[in-house]
């Protein structure tokens, strides 16, 4: 193992960190929004809709991400082409950036997991809290935004952020469709010199640093969110 | 004024309220007593429609809701006539004491935030909690939480306040404080309905006592009637365990305090 | 395009990789899970010399993609063992290395689920046991751990599904599991459709997770039987 | 390497799991050109035993670095970095003819050289394969640059299908990976293939401490070339004798 | 016999117990009374070392533990002399009523499982819970849970039972049942230490009353002394809120029941 190659690799890999973090963060946001929608659908009273959702979510949770990625990589252009032909958008689907396939497949896959987290968090808010709001005469909307959401959020946010670190790691699959993340950058580094051990160790260290730093930040966030549970008596 | 007519409620085909009728004049303090599991809490929850009865009519201060409810807005209108102080106090755990009292005023009564804050401070002072404005509920003792809960309810200017077991797990000194607070509320012309297991407390505080059993009102009368000359044999047996005393002691000790 | 019997044949071929996938999942899960119980116990212990190294291990395995860990164990471990104690591990079946990797990964990763679950069992339950004169071990074994599992179970179920998905990475070491089988079909049969093959493999993975989910749900119902309360509900 | 019971020296050899026809697994058996060449060498040397491991290409090279394997075969090209890092024998064990497969409807010119790729949408190449190096080196020294897309290794059929459908204009690839079979098998009628634009000799790669065996393998390969064994294997697997082509240095 | 000498306990540098001395003869029923937050619960928890005091000595039935504790085994020995009935009952949530009573016997006293089961059934019968053997705690009302908790404690044959607020949130009828149960326990020669806010209950049940405030024992004496002739001004003021009555009523009504 050569230390100077390792250091060189480390800095090169470090340069893709912002785009890796950014892309996974974008996916995280979209998946959270979609996951909330899924949660609402799941609470719906229509059994048909509920059944459809369950089939849908079971599919996305059941099939490995890699396979979703491939299906969307090939399927998305077809769908867009069909739409484009229908509405005369004139989009050329052969030029469609593969990053859209990554975003769509990752978002759907993650949303089906996040929906569970979101559901659990809303459920964990005690009915006593909601009843208090009702009894005081809050409207449904007021109850949701003033009582339910803030408390569910402090439960969900730490878990969602934890999912973020998973997403960062999972993004390494996206290189299959040319989207370069940390691990892909390491592979590109090895292309010229076959120095796998150096490059992969550098990638491992980058991942580790990211994860440790993010975890630290997240635990600060969590600490703040849960400030009201820090009973002086406990 | 409260007028409850023929309220029925079942849970899983078990009848919990079996045709309750109750009339209370404005400013009355009504206590519900009776064995555990008899439906006292359920009745309180039906009054503000936290639990929807299966049948019956509830009227508070001119707002009349007939079951089945046709207009869902009536629920809100009725609830805004009442405020509830829960047995577990149910303060918003993510809000400080002050926020707990301010937010409902702003959201429900559309009070200006500054005004709401001033009012909150006054009411917290009334219940002796002015020094705890920045605390979270988890940092307060049970008695302290309850007092904040009372302040929160009062700040909404309700016509009716519903109390579920206000003194369970409070020591005698705190119980007296709560008693003072409730008396003061009653003096404001607010009607109070209150469920309790403490007979002495019930006798001291109320001018109308309702003895319930198995979802029925067994007897309804003044404290003197219920505690000293119960008409019903079951009431008498229930109260056997409670020694009736000569003169009320709490009322002599009510401190004077002013509510805005 | 592709006729029905082709697809059936494809499934048949893919299913030959299933036993390896299953064997892998089951053994990794059993070992990894047992390991995670020990790791969790270690991380909950007051002894720092035990806690800190385990915390580092957990943070490491949590942050690094599993492929990298696989390379590390498959190529690093034999080299390490060779230099340390001079035993040659190179002839050991690569499946063993895969299982070791995933066992270590899940051993530490699952402790991130078990530890909070343990901590969220209410303190009163500890008090009750100690108050009755239970020893520390009795308290944990008979009272706390059963309740911990009921809290952790949904997440553990998710992780089994995760393991199923992650096992598809084994093909980088040439293991002919389900995904390896799919890869083999694609590379050896020039007229095969990669998409269709992967999709069919995906269907098998899906079937597997449906079964796992059902099993987890029934365990959950059993473990949670004490939670049903008569006093739930209300219209709010 | 190490000695086994019957004084036969055993060597760990890494081959690729999934590079038909170079090496691949079928019904649990290892097959392929490289495998057959290795077996011929093994036979020729007599007193050695090769212990085969089939793994992905990346894993092969990591395994060499960690000395898990004594040498590896997967149609590796030689370059200065590799010569520094590994023992590259003098004798090549095969020859890889790089061709361009292009969509005849989108590419109107005939492709003869890498120049002609400039301006085309070239299918992504795996950075751990030789094409990435070929193209990046080309771009360093030539003005007519080729746009290089990279990705993890992608199934070849799919890339060819994508060229056929017009998703990409062209694919550059060693022609000994079964392209012709795929094109005819899948009836990819829009695809034309160029003449070889490059010919690379391919080598086994040895770890540095395996000088002795690398020399012996070198010698064996030379003899196998001479007696026509390699040409025969080439015809069997690639449909032509690749050794007839002259190696073009760039 | 219980002998507590000079027990101190701080939480975050706040003194909660400030040199408690307490002596109780075998078979005594000792009630701890005093304002909220005064350290009653903490004292109970120190007696069985759920909370380790900072200083002091605790002796129960000949087992003497001096702080700092040298031999960790002493903790277990001492705890096995006592059993605690918690305010929240603390039944094992994942075990049925029967299992809750059986398991401690098996684990702590190494009782044969069959025997433990029989004993459990007898004790459950004593507290009137024989019909609920298969229920989980979450399916029981508070009073029912408490009775199971008492049966669980009794089944361990302790020398001392510690009760934390046994009657909070029980109705008068249930309170009387619990009172009966406690009396019966005392008749078995088991020493009882009990924290409560209900003075009437304290007067009825105990033969030794300890009034605590701010981590100190202010007064210690018979119920007659404390409730009728308190020596200390603070005690008198605290009890102002409690009306002392002429004759005990509970004790007349103890039902006869047999404990194995």
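Descriptive notes on the structure:
When the chains are written out, they are named A, B, C, D and E in that same order, and each has its own residue count from 1.
Basically, a contact is a pair of C-beta atoms (placed from the backbone, for glycine too) under 8 Å apart; a residue touches a chain by one contact, two chains touch by 3 or more.
For each chain, UniProt lists the protein as follows: A = Amino acid ABC transporter permease; B, E = Sulfur-containing amino acid ABC transporter ATP-binding protein TcyN; C = ABC transporter permease.
Bear in mind that the values here come from a model prediction, so they are computed numbers and not experimental data.
Hopping across touching chains, the smallest step count from chain A to chain E is 2. The greatest centre-to-centre distance from chain E, using averaged C-alpha positions, is reached by D.
Centroid distances from chain C (ABC transporter permease), each centroid being the mean of CA atoms, peak for B.
Chain pairs A-D and C-D differ in how many C-beta pairs are in contact, and the one with more is C-D. The centroid of the Cα atoms in chain B and the matching centroid in chain E are 32 Å apart.
Taking each chain's centre as the mean of its C-alpha atoms, chain A lies 47 Å from chain B. Between the CA-based centres of chain D and chain E the separation comes to 82 Å, rounded to the whole angstrom.
Each of residues 71, 194-195, 234, 236 in chain C (ABC transporter permease) touches at least two other chains.
Residues of chain A in contact with at least two other chains: 131, 134, 196, 200. The part of chain D that touches chain A in the complex is made up of residues 58, 61-62, 65-66, 81-82, 85-86, 121, 124, 127-128, 132-133, 136, 149-152, 154, 166-167.
Of all residues in chain C (ABC transporter permease), only 71, 74-76, 78-79, 88, 90-91, 94, 171-174, 176, 180, 183-184, 186-188, 190-195 touch chain D in the complex they form.
Residues of chain A touching chain D in their complex: 77, 94, 175-178, 180, 184, 187-188, 190-197, 200. Contact residues of chain D toward chain C (ABC transporter permease) in the complex are 2, 12, 17-20, 24-26, 28, 51, 53-56, 58-59, 62-63, 65-68, 155-158, 178, 181-182, 185-186. Every residue of chain C (ABC transporter permease) that touches chain A in the complex is listed here, in rising order: 59-60, 62-68, 71-72, 154, 158, 161, 164-165, 168, 179, 194-195, 198-199, 201-203, 205-210, 213, 234, 236.
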